[in-house]
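Shared between the two complexes below is subunit A, which has subunit B as its partner in the first and subunit C in the second.
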Partner chain A sequence: MKTDKRFEILRTGVAIGVALLIGFIVTCLVSEAPLKAFGYFLRGPFTTTRRFAAFLEAAIPLTFTGLAISLVFSAGQFNLGAEGQFFIGAVAATAAGIYLDLPPVIHTLVCLLAGIAAGAVAGFIPGILKAKWNASELVSSLMLNYVFLKLGMYLVTYHMRDQSVGALVSLPLKETSLLTQFIPNTRIHTGVFILLITVLFCYYYLFRTSQGYEVRMTGQNIEFARYSGIPVLSVILSVQVLAGAIAGLGGAVEMLGIYKRFQWLASPGYGFDGVIVATLAKNNPALVPVTALFLAYLRVGADVMAIYSDVSAEMVAIIQAVIILLVTAEAFLSGYRRRMLLREVKQSASAS
Partner chain B sequence: MEGGKESQREGPILLMEGITKIYPTGLVANSNVTFEVREGEIHALVGENGAGKTTLMKVLFGLEKHDAGNIFVKGEQVNITSPRQAIGHGIGMVHQHFMLAPSLTVAENIVLGQEPRKGIWFDQKKAAETCIDLGKKYGLEVDPYAKIADVPVGVKQRVEILKALLRGSEILVLDEPTAVLTPQETVELFAALKALKEGGHTIIFISHKLAEVKEISDRVTVMRSGRVVGTRNTEEISIRDLSNMMVGRDVELELPRPKMSAEDRREVRLLVKDLKYVRDNKDVLKDINLQVKSGEIVGIAGIEGNGQAELVEILTGLCECHEGTIQICGEDATEKKPGEIRELGLSHIPQDRMTFGVAAEASVAENLISTRYNKPPISNGFLLNLKAIFATCLDLINKFEIKANDPKQPVNTLSGGNIQKVVVAREFSTDPEVIIANQPTRGIDIGASESIHKYLVNATENGAAVLLISADLSEVMGLSNRLLVMYEGRIVAHFPDAEAVTEEELGLYMLGVKHQEPDEIVASLMGEAG
Partner chain C sequence: MQALLRAILSPSFAASILRVTTPILFAALGAVVADLSGVVNIALEGTMLFSAFTGVAVSAFTQSAWLGLLAAVGVGALVGLTLAYSHLKLGTDAVLAGIALNLLAAEGTVFLLYVVAGDKGVSSSLPSKVLPDWHIPVIKEIPVLGAILGKQNALTYMSLIAVVLVYLFLFKTSFGLRLRAVGENPDAADSVGISVHRVQFVALAISGALAGMGGAHLSMGYVSWFSRNMTSGRGFIALAAETLGYRHPVGVFLASLLFGFADALSNYMQSLRVPGEFVQMIPYLLTLVALTIYSGRQRKGRRSSK
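Entry: the complex of A and B
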């Protein structure tokens, strides 16, 4: 088992190396000054404090959606609804932030709860469709992403819009609802602590509670889970609700921590990035912050490169794709492992 | 090794030398195996499940690529990378799982790939004649116009053999051919094999049933965990010695039967009344009545696919669509879900351990607690108690002699026998009142089978009621106190004393040749109810 773990780490490392190499080759093809451009990409987040902060800030929503996705994936449910749940969670928090009049802290908590509730409802729908009628959660959650995006845009445009501003933005949220940005010159906010608690919660939930055990067994082998007496349908439903709640919370935290008004015109894409984050973390909540930081690093690096060179930020999509393919491809490097084993057999044969 | 010298002149017809095969999973299935077969002999290849017999033959037949070693046919080194090449060298193989087209006829299957033609059309009549001629020649008669989907396994096997013969096989490999046959069909197969041998064919016969090996083979090669232990002349070795070679230690050949007098078996733990199950307008199960009492093992014999699997699924709550009533420990269990049925005291050793019995990639510990993950001491209802889990699992690993280094190890890194022990340990750990054991020792090594039989008998003697379903006649006859036979979804016989039944008689019921009258069965079952 130890060799296998070492092999996993080796494989992930080599996958990242190969992906960067391919990224570099692509850079060479498109750029006049590839070394300089790639240098910006690699060092990007470390070039200024502002950029370093941007890198950390970007990791926060990615971690939330990554956690949500790793929960549903652990249960073997390919619910990709985190996108819509995150969005509708932000809209719900916005509404609560604009229209409620409450003392500080309490107001924030209520806004967060609004986000949680909205996300949970959004997770409940594909969950119940799956549990009751065996409708593919993959399809229903993807379609619902559009529903929640359009619903959110409708609510903001027709019910929360600030008419006095030319751009399409909501009324400002009340000061009492916002999370504090506690490091000067950055937008890093107290949502970080909520995030850490959520990471711990997800990890403990999945690996230390009976319910988490139900979730994991259902995901690993649903026939086995049913045979063992685990109520698989209610597990499938509750894990999707819980994941929706976490993604919704993520949306609310992002809203209250970074913005003063709701100003997204399209879905920000954190839900789909969450799939990448969860996949790289092998659905382990404890690893999700790490892979979220990794992805955020690539993103900020790409932005910096795009500013200072002739390479566009989209190149990072290529690197991402290669890493994911290689990390998830079971067969990658398995020939190497096989040769090691063959050598072992030959040795033991000649020894006997 | 021994006695091989005088035939050195001609050399063996087949020599596999130093074969090593490693599966992509990293499993070393053959390790430096040398295997030699003489012309015109029936050579048995024996070994426990997982010893690597099938793998070795797949290498020979070009279905798996070997990582080291050479193959010689009639003294010439050959390079076989596909079944087509193997056939070209005169090698034919009848697989453990048949590879026939079910919608085609017997004749069409046999001539598949070399169809006789009239102009551009397939010549049905010529094909049928070919089959009949070939069948007559070797005593393997078949109805050429029957559809494969409609014929019994024994006939499918003949079709496979004929198919190989038609392609000019001189060396015929049969992978566990008797595993799917009734005693009667086995007799017929053996007659055919002897005829083939007379005709000059060489036969490699794979089995782990040693009595058969004794009966049919000239020489025998024993494999154990991927290696060859030795080759012997069959006449010169006893069954006991063979089984010791296979397992690597002394084994007990007699099966124990729970010893509890009939008077002590009072309490009815499992009661099934008028169970019926219809699927696609066909009666899968009909008029099933049975009961199992505390302290007895009731065996269900029967060829696979006669409703046993469905019966077990219904009893354990995995399948819900049926009529009739089921009671477990006096409580109605007819409409209950698997979890609720387990609450009533039922345990279930499933037939397909990798689908139902374990989550393959989960750890040994996670697999051991799946039926009580929300009960103390494993959990306080919400949080898992990792210490208690660890202690419980170590205890079970010791008690059931599971060969695992660490409870955290993924269960699929264990051998089949040890995986089954994990299942059995878990199912016994809840002190069940009723145990449904479906093929509890299928596909696992003798050592593990022995232990599992012992645990079953112990649990029964401590008061559990056991329903044992097995296609392995020696198992079901050796362990049961009472025997039932299933055929086409019905119970066709009840033997209140399993010791008084012979294999041949049971075979006749299993094939549907004989059956007891329904009234008679119910009466004798009720008599048991007393």
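Entry: the complex of A and C
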């Protein structure tokens, strides 16, 4: 067991190393000054306070969607709806933030609840379609991402739009609804605490409750779970609703913490990023914040690189893809793993 | 409403259905080949995007639309082989590997676009070529059919031919038989001496090549440029069309037409005063409904047969 864990850490490390190397090679191919460009990429988040803060801020939505994806993946459900859930959660929070008149803290809470509810509904649909009619949650959640994107854009454009502004943005959210940005010169907001609670909740749910156990059993072997009396259909449904709620909460927190108005014109892509985050974290909620920070680091680094060099920020996509492919590849370094295990067995044999 | 009906029943609307069906059909055929060999190809979306980009870039540099198509198909096959390699040799889950390739394609093509065209949105600065429209002599003279099938993009005709070819390949050749055997029961196939991995490698390469033709149609037939994320979910819709079409080339053709209809309808209704967002939802919602009905019926059928 211990060897396994050590091996996993080593393998992830090697995968990241290989990915960075490939990223560097690509940089060399397209850049006039590759060393300088890649240097900015690696040091980017640490170059100014503002950028360091941006790195922390970027990790917040990634953690939320990473948690959502971890939950559904733990149950063996390939529900990729976090993208749409996050988006519609943000739209719902915006509506509540614009139209309701409530005292400060309560207003924020109501907005967050609106996000949770919208996300839960968005997660419920693929869940119920799967549980009741066996429709592939993979395809249905991908379709719903587009539906919720269009629905959200319709609501913002036709009902919440601020006509006095040239750009397509919503009316401003009421001050009472916003999460406080509590560190000067940064946009780091009190949503961080909501985030920490959510991380703890997910970890506790997955590893310390009987339903979490059922979720994991269903994910490991659905037939076995069914024969041992686990109500797999209700597990499948409830985990997707819960994941939807978390992604929706993420959208709401991002909206209330960072923005004053709704101003996205396209889906910001945090849902699919959540897949990267969850995959790197091996679907363990406790590790999700760490891997989210890592991804945020790559992203901010890439942005900084794009400012100071001739390499565009999308270079980071190559690094991400290689990392996912290698981290999830069972055969990657498996020969080394066998040798590690053999050595351990031999040692314990000679010791006894 | 009457105007809408009249427009839908017109031959030119039927022609536009065929046009928008083309990329979905190619990708859906690709999905069939992969799925029958036992591997889900989620990477179709990204494959199309890579190929759409490659077609534009290569045709701009060689000044030949056909070389562009060839390169697009080649890149499609290459993406299919990449998926095969990571899934079959490295043991990555096929869905996760597909997601990784899709993410790579979404941003990777923007990265490449910036390198070759200096723009992150569209490739309009590249002098890329478009595949020609074909005029079919005899059919062109027939009244209604002529307006629908008489003049279409070369790739649209090829997609119709591909339906027949994929059918013949899967059901009338010995390799097709082996491919389906591998998908049905890999252990049994292995026990009679079929190299399971080799068959799946070939199947995914074909699957990618087909999706590549669909991608080429998007950027070199449907429009004459590449723009970021121009597939907008067609690769995923193709997966739904594959399920809905009972994993059979002819069924998939009909299912693709259905999605093509929704797509063409949304294009048409955009010119009316319906909020564009709602109209754009139609193909996705239709997919959802169709998928649910299909899956529900399939499950019921399985229960009653047992």
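Note that the second predicted complex is superposed on the first by the 337 of 352 C-alpha atoms of A that agree within 3 Å, B and C clash if a C-alpha of one lies under 4 Å from a C-alpha of the other, contacts with A are read in each partner's own complex, and residues count from 1 in each chain.
The rule is simple: a contact is a pair of C-beta atoms (placed from the backbone, for glycine too) under 8 Å apart; a residue touches a chain by one contact, two chains touch by 3 or more.
The structure displayed is predicted, hence computed values, not measured ones.
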Q: In the overlay, answer first, second, both or neither for which of subunit B and subunit C A:V105 touches.
A: neither
Q) Of the partners subunit B and subunit C, which touch A:L129 in the superposed model: first, second, both, neither? A) second
Q | Which of subunit B and subunit C A:I276 touches, first, second, both or neither | A | second
(Q) Contact-wise, after the overlay, does A:I307 reach subunit B, subunit C, both or neither (first, second, both, neither)? (A) neither
Q | Partner with the higher number of touched subunit A residues, subunit C or subunit B | A | C
Q.
Output check: A:L142 vs subunit B and subunit C. Expected answer is one of first, second, both, neither. What do you get?
A. second
Q.
By the touch definition at the top of the document, which applies to A:A321: first (subunit B), second (subunit C), both, or neither?
A. second
Q: Considering only the touch criterion stated at the top, classify A:M217 as touching first (subunit B), second (subunit C), both, or neither.
A: first
Q: Go through the superposed model and pick first if A:Y154 touches only subunit B, second if only subunit C, both, or neither.
A: second
Q) Intersection of subunit A residues contacting subunit B with those contacting subunit C? A) 331, 334
(Q) For the complex, give me every residue of subunit A touching subunit B. (A) 1, 208-214, 216-217, 220-221, 223-231, 331, 334, 337-338, 341-342, 345-346, 348-349
Q) Touching subunit A in the complex: which residues of subunit B? A) 20, 22, 24, 26, 28, 31-32, 67-68, 316, 318, 337-343, 348, 350, 355-362, 366, 369-371, 373-374, 379, 381-384, 386, 406, 408-410, 413
Q. Which bits of subunit C are touching subunit A when the two form their complex?
A. 42, 86, 89-93, 95-97, 99-104, 106-108, 110-111, 114-115, 120, 232-233, 236-237, 239-240, 243, 275, 277-278, 280-281, 284-285, 287-288, 291-296, 298-299
Q | Footprint of subunit C on subunit A - complex, ascending | A | 30, 78, 80, 129, 132-136, 138-140, 142-144, 146-147, 150-151, 153-154, 157-158, 272, 275-276, 279, 312, 314-318, 320-321, 324-326, 328-332, 334
